[in-house]
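Both of the next two complexes hold chain A, though its partner changes from chain B to chain C.
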Partner chain A sequence: MTLARRRFDALIIGAGGAGLNAALQLANANLRVAVVSKVFPTRSHTVAAQGGVNAALANVFEDNWHWHMFDTVKGSDYLGDQDAIEFMCREAIPTVYELEHNGVPFSRLDNGRIYQRAFGGQSQNFGGAQAARTCAAADRTGHAILHTLYQQNIRARTHFFDEYFGVDLIRDDDGAILGALTLEIETGEPLLIEAKTTLLATGGCGQVFRTTSNAHINTGDGMAMALRAGVPLMDMEFFQFHPTGISGRGMLITEGVRGEGGYLVNKDGERFMERYAPNAKDLASRDVVARAIVTEVKEGRGCGPNADHVLLKVDHLGEDIIAKRLPGIRESSQIFAGVDPAVEPIPVFPTAHYVMGGIPTDRLGHVVIPSSDGSEEIVPGLYAAGECACVSVHGANRLGGNSLLDILVFGRAAGQQIIDHLKDSPEHRPMSDAIIEKAVSRLSRWEQEGEGISVRELRDEFRKVMEDHAGVFRTDEIMSEGVEKVKAVREKLKDVRLGDQSKVFNTARIEALELENLIDIGMSIVLSALERKESRGAHSRPDYTERDDVNWLKHSVYFQEGDRLDYKPVQTKPLTVETFPPKPRVY
Partner chain B sequence: MKFFVYRYNPDVDTAPHMQEYDVEVTRGMMLRDALMEIKRQDESFAFRHSCGEGVCGSDAVNANGKNMLGCTTPVVELKEPVNVRPLPGRPVIRDLVVDMSQFYQQYRAVKPYLIHKDPLPEQEILQSPEDRDKLDGLYECIMCGCCSTSCPSFWWNPDKFHGPQALLQAWRFLADSRDQATEERLDDLEGPYKLFRCHTIMNCVESCPKSLNPTKAIGKIKELMLKHSI
Partner chain C sequence: MVESVLGSDLPPLGQLRWQCRRGMLELDYILIGFLDQHYPELPVEDKHLFVRMLDFEDQLLLDWVMGNVVPSDTNIRRLVGLMQKELKTT
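Let's look at the complex of A and B:
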C-alpha cells in the first residue's frame, strides 16, 4: 500500500494550550513544525477553562513561588514530584508575563497590573491566610489564552493540519518514535507524518465518564496511542471530580465563583463546608469539596425534588461583580440551569473533570518509562505535555488554576527541549514498511462489514460502567466489579461494526477509533484504582479511609501488555529548596 | 418533535435532500442534543460539535432559516417542524459540515495578533481597567461563523470582503492599548472591498450567539480611519 507521506522536523499532535505553546517556540526558532488537530485549533478544550492560571505575581497580596509550591505539594496529597512542582511554580511567573506580552486580554487591577483572584487550596506563607494567585481574563481565561496562542502561531507561520485524527504512533524496533499515522477527516485518507520528534498534547479523557465537564473530543487519544506503543500510563486512578458542575448536565461552574465569594448550601440553607474544612471552607481543595457535596446528598441533605444536588449561592455578590467577573457562568447558568445567579442559587453536583495521571514524562517533556527502582528510560523521539502527560505536578489532586499553568509551562519546556534535541539530531531515522503496518491495521479493522454492536451502544454501556464503578467513592467490591465489566466491554469491542463505510467526513469512523481509545484508558483507571488500597487526594476508598505513606507514597504505572501494574517512588527532593515532608492534610 | 435535516454525502448521493427524523424531546434539550439523538438513530449523519456549552464554536448550523449554535439553542424555542441546514453560502462537505477555509483565510488576513513594537517590560505591559474594558464585546468571539455566513456581502464576495468576524477581530486589536500597529492595520483595510463592503445590514448582530456586535466594530474602524486621514 502506498501511503501519502509528509516530513517535518517536529510533529505536535493536539492544538490546545500545550501543543500551541510548544508549536510557538518551534516556529519562532524557524523549525519545520506540523500541528495535527482533530478539530480546528480554537475548538480545543483549553477554550473552556474559566477561572484562570496560577502564578505568584503578588499583584493583590504578597506572594512568592515557594508558597505556591507548598500549596501544590499539599494539594497533591504529597504524591506530586517536588522537583517538577518547584520548576512549574518558578516558571509560572515568566510564563504568565510572556502570555500577556503575546496579547492575552487579562482583566486588570486599578494600577494596570493583571487581575488575580482567590482560588481553592491557595495560601500565603505555607498554609496561612488565603492567597490570590489566579490570573484571570474574566471567567473566560482559557478562551483568551487559546485564541492568543493560535493567533501568535498564525504570526509565526506554524503549519496546521486541521481536522486530522492521530491514529497511532510509528515505533521502530529500537523503541524510537518516528512520527504518526494520521487520518484526514475530510477525505478519509490516511497521511503518514514522519518527524524527528513527536509531541503528544492531546489533552484529557473525561469522556470515559457519562457525566463530565469535558468536551465530546476529550477521548484521551494520545494516552491510548502511547499505551499501544508500549508506554505505560501513570497514576490513572486519580481522576478529579470538579465540585460544581451544573446538576444533571455536567457543565462547569468555575471555582472562581467561590473565589469571588460564592458559597455552597444544603437543603437546610446550611453552609456545610464549615464542617468539612473549618478554615478554608468553600475554598478547600477540590477533592475535599466534591466529597463533602456527595456526602451531604447521600445523607439526605440534598436540594431539589430528588434531593440530588446542593446550591451555589452567588446573589449576595451583587449585580456588578457578577457582570464584571463572572459573565460567562451567568450565561451558562441561564442557558443550562434556567437560573440567573444574580437572583437565584445555582444547582450543582460534582462532575468528572480532569485526569491527574497520564503519560509519564520528566520535567523537560521527554516521555519516560519508569521502573520500580526509580530510574527512567527515555523513549527516543517522543514527548508529551499537558493533561495527557503526568510529570507529575498534580499528584493525587490538582489545584484549580494549576491546569492552565501545567499546559503552558510544560508545553513551552517541551518545545524548547525539542529545539535543543533537533540541533544535535539533524537526520530522520529510517522507517520500514513493516512498522507502519500495525498502525494501518488499526484503520483497516474498521472496514469489516456485517452485523454487530454499534459504536454508540458500546460507548453508552462503557461510560455508564465507569460512572458506576470509578466515581467519587470507591470500595473493593465496586471496583472489582468495575474491572470485570470493563474487561467485558473490551471483549465486546471485537464485535463492534461500522455501518457507514463512506470516506468523506465520516464522524462515525472517528467515534469508533475514539471508543477504542476510551476503553484502553478506562482499563488503566479501574485497575490502578482497585489496587491502590488507601485514600489519597481524589482517590477515596471507604474501605481504606486513611492515607498510607508507608506503603503507598508511590506512583502507579500501568502497562497495557498483560494489564500489568508497577510502581515507582515519588520524587520528594525539590531542585533547590527543602523537601516538604508529608503531613496530615487539613484545610 | 419533527426535524428535517439536510443530508448530502458525496460518496453516495448525487444531490442533497432533506431527511425526516423524529426526536423525543427531553427536559432542557438543546438543538445539539437533538442532533446527537439523530446521529444515534442514523450513524451516517455528520455534523461538527464539541464542548456543548457555547465556547468552542464548532456546532453553528442554520435552523429554520437562522444561524445559531446547536448547543445553546433549546429545541422548545424552535418552531416545529425544525429545518436544519448547513451554514449558508459555504461549500458543503457532507450533511451539516461546511468548508470554512475562506472564513479562516479572512481571519488570518487581518493580522489577528497583538503587535507590540517597543521593548517588552520585564513584567506585564500595564493596561488600565478602562482600556481593558474596550476589549469587552470583542475578544469573546468563538469563531463559529454564524455572523459571516449570514452576511449577504460575504456571500457575494467571500474572497475579497473580510466579513464581520474578521473585522470584529481587526477592531479587537486596533482597540487594544498595547497594540502598536494602528497605521499598518488601517492601511491594510483600505480599498473598496475588505472593509467597505459592509452595508450595515446587521444580520451579523442578530445571529451572533455571544451577543457581540460586529457592525458597531466596523463603524469604529471607519471612524478611526476618518480621524487618521484628516
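Let's look at the complex of A and C:
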C-alpha cells in the first residue's frame, strides 16, 4: 500500500483549547506544526465551556495561588498530585494574562481589570471566606478562547488538517512515537504524518455513557490511541455526573432550577429527596441527588413508558418566575425534552459530564508510564494535554473553573516543553514499513464485507451497559456484571460490518472507528471502578461508603494488554510549599 | 453508498452530516435531527440556506435556535423559525 506522507516538527491531534494553545507556542517559535482535527477547529468541545478560568488575580477579593492550590487539593479529595496542582495554580496567572494579550475579550470590572466571579469550592485563606477567582468572557468563555486561539494560530501559520481523523499512533520498537496515521474524512484516504513529537489533545470521552452532556465528537480517540500504543490510562473510575440531565438526551438542566424551588418527584408524585436527604432535600450535593434518582429508577419508581427517569417540577413557580429567574430553561425543555416546564415537569436522569482520568502525564506534558514504586518512564516523542490527559490536578473530583485552566496551562506547558526538546533532538527518527502496518490494518479491518452487527446497534448496547454498570450507582455486584458485559461487547465488535464501503464522507466508517475507541475506554472505566473499594470524590460506592486513605490514596493505572491494573502513589509533595495532608472534605 | 444530489451543487448528505457535528451536544441534536427529518423535504433554495447556516459559529447558531438572538438575514430568520417550530413539535 502506498501511503501519502507529510512531515512536521510537531503533530497535534485535537484542536480544542489544549491543542490550539500548544500549537500557538510552537508556531510562534517558527516550528512546523500540524494540527489534525476531525471537525472544523472552532467546533471543538471547548466552545461549550461557559463558566470561566480560575486564576488568583485578586481583582475582586484578596487572593493568591496558594489558596487556589489548597482549594484544588481539597476538591480533588486529596487524590490530585500536589506538585502538578502547585504548578497549575502558579501558572494560571501568566496563562490568563497571555490569553488577554492574545485578544480574549474577558469581562471587565469598572476599573478596567478582568472581572472575576465566585464559584463553589473557592476560598480565601485556606478554607475561609468565599473567593472570586473565575475569569469569564460573559457566559461564553470557551467560545471566546477557542476563537481567539484559532485566529492567532492562523496568523502564526499553523498548518491545519481539518476533518482528518486520527487512527493510530506510529510507535517504533524502542517505544518512541513517530507520528500518526490519519484518515481524510472527505476522501476516505489515509495520510501518514511523521513528526518528531506528537501531542494528544483530543478531549473527553463522555460518549461512553448513554446519557451525557458531551458533544457527539467526545469519543476519547486520543485515550484509545494511547492504550493501543501500550500506554495505560490513569484514574478512569473518576467521572463527574450531573444529576439533572434531560432524560435520553443528556443536556444539562442547571442546578439553579432546584435553587429557585424546583423539586424532583417519582412516578407516584412523591418528593423522594426528602427520604434521601431530609434536611437539604433537592439541594443536597450532586452525588447524593444523582444516586437517589438512579435508586428510584432501579426500584421501579421511574417515570415514563420505560420507567427510566424521574421528573423535575417547576410549573408551580409560574410562568413569570420561570421567565425571569430561569431564562433559557423553558426553551431548552421544549426543544430537547418536548415539554413546556411552565405546564408539565421535565424528565431528568444523571448525565455524564467530565472525566478526571486520562493519559498519564507529568506537569510538563510528557506522557509517562507510571510504576507502583512512584517512578515514571517517559514515552519518547509523546505528549498529552487537556481532558484526555491526567496530570493529575483534578484527582477524584474537579472544581468548577479548573477545566479550562487545565487545558490552557498544560497545553501551553507542553508546547514550551516540545520547543525545548526539539532544540536537542532536531532529526526525525527512522520509520520502517513494518511499524506502519499495524495502524493500517486497523483501517483495512473495516473493509470486511458481509452480514454482521451494525455500528449503531452495538454502540447503543455498549452505552446502556456503561450507564447501568459504571454510572453513579456502583456496587461490587453491579460492576462485576458490567465487566463481563463490556467484555462481551468487545467480542461482538469483531462481528460488526459496515453496510457502506464507499470512501467519500463515509461517516459510518468514522463512527465504527469511534466505537472501537469507546469500547477500549469503557473497559478501563468499569475495571478501575470495580477495583477501587472506597468512596472518594466522584467515585461513590454504597458498599464502601468511606474514603480509605490507608489503602487507596493512590492512582489506578489500567493497561489494555491483559486488562491489567496497577497503582501509583499520589504525589503529596508540592514543588515549594508544605504538603496539604488529607482531611475530611467538608464544605 | 454516499448520497449525492444530481443536478445541483448541494454537498452530499454524508458531508452535511459531518458538518452537523458540533462542539455542543445541543447543536448535534438540533442540526442532525433537522437534517434527518426535514432537510430532504425542503425546497432547493432552503437546502442551500441550511448549508450556508452550517458555516456560522456554534454559539451564534445556538443563540438563534434558542431564541436569544434574532438573525438579521430574513431568509435565515425564516429557516430558524421553521427549525424551532419543527423541533418543538417532534
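Methods note: the second predicted complex is superposed on the first by the 481 of 587 C-alpha atoms of A that agree within 3 Å, B and C clash if a C-alpha of one lies under 4 Å from a C-alpha of the other, contacts with A are read in each partner's own complex, and residues count from 1 in each chain.
Keep this in mind: a contact is a pair of C-beta atoms (placed from the backbone, for glycine too) under 8 Å apart; a residue touches a chain by one contact, two chains touch by 3 or more.
Since we're looking at a predicted model, the values are computed, not measured.
K.L.:
As a test of reading the superposition: which chain, chain B or chain C, is in touch with more residues of chain A?
P.N.:
In the superposed model, B touches more residues of chain A.
K.L.:
When the two structures are overlaid on chain A, which partner does A:469 contact: first (chain B), second (chain C), both, or neither?
P.N.:
neither
K.L.:
Examine A:143 and indicate which partner it touches, taking first as chain B and second as chain C; both and neither are also allowed.
P.N.:
So A:143 meets both chain B and chain C here.
K.L.:
A:151 contacts which: chain B (first), chain C (second), both, neither?
P.N.:
Only chain B; A:151 stays clear of chain C.
K.L.:
Kindly classify A:456 by the partners it touches after superposition: chain B alone (first), chain C alone (second), both, or neither?
P.N.:
Once the two structures are laid over each other on A, A:456 reaches chain B alone.
K.L.:
Can A:42 be said to touch chain B (first), chain C (second), both, or neither?
P.N.:
Both partners, chain B and chain C.
K.L.:
Contact-wise, after the overlay, does A:108 reach chain B, chain C, both or neither (first, second, both, neither)?
P.N.:
Only chain B; A:108 stays clear of chain C.
K.L.:
For A:251, using the defined touch cut-off, is the partner it touches chain B, chain C, both, or neither? Pick first, second, both or neither.
P.N.:
It touches chain B and chain C both.
K.L.:
Would you please give the residues of chain A that touch chain B in one complex and also touch chain C in the other complex?
P.N.:
39-40, 42-45, 47-48, 140, 143, 147, 186, 215-217, 249, 251, 328, 331-332, 335-336, 338, 500, 502, 504-507
K.L.:
Once bound in the complex, which stretches of chain B touch chain A?
P.N.:
9-12, 28, 39-40, 43-44, 46-58, 72, 74, 93-95, 97, 100, 104, 108, 111-114, 116, 120, 122-129, 131-132, 135, 139-140, 142-143, 173, 176, 178-179
K.L.:
Where on chain A is chain B touching in the complex?
P.N.:
39-40, 42-45, 47-48, 57, 96-97, 100-103, 105-114, 137, 140, 143-144, 147-148, 151-152, 154-155, 186, 215-217, 248-249, 251-252, 328, 331-332, 335-336, 338, 454-456, 498-500, 502-508
K.L.:
Could you pull out which chain A residues touch chain C in their complex?
P.N.:
39-40, 42-48, 140, 143, 146-147, 163, 185-186, 212-217, 249-251, 328, 331-332, 334-336, 338, 500, 502, 504-507, 510
K.L.:
Across the complex, what residues on chain C touch chain A?
P.N.:
1-2, 12, 14-15, 17-19, 21-30, 32, 57-59, 65-68, 84, 87-88, 90
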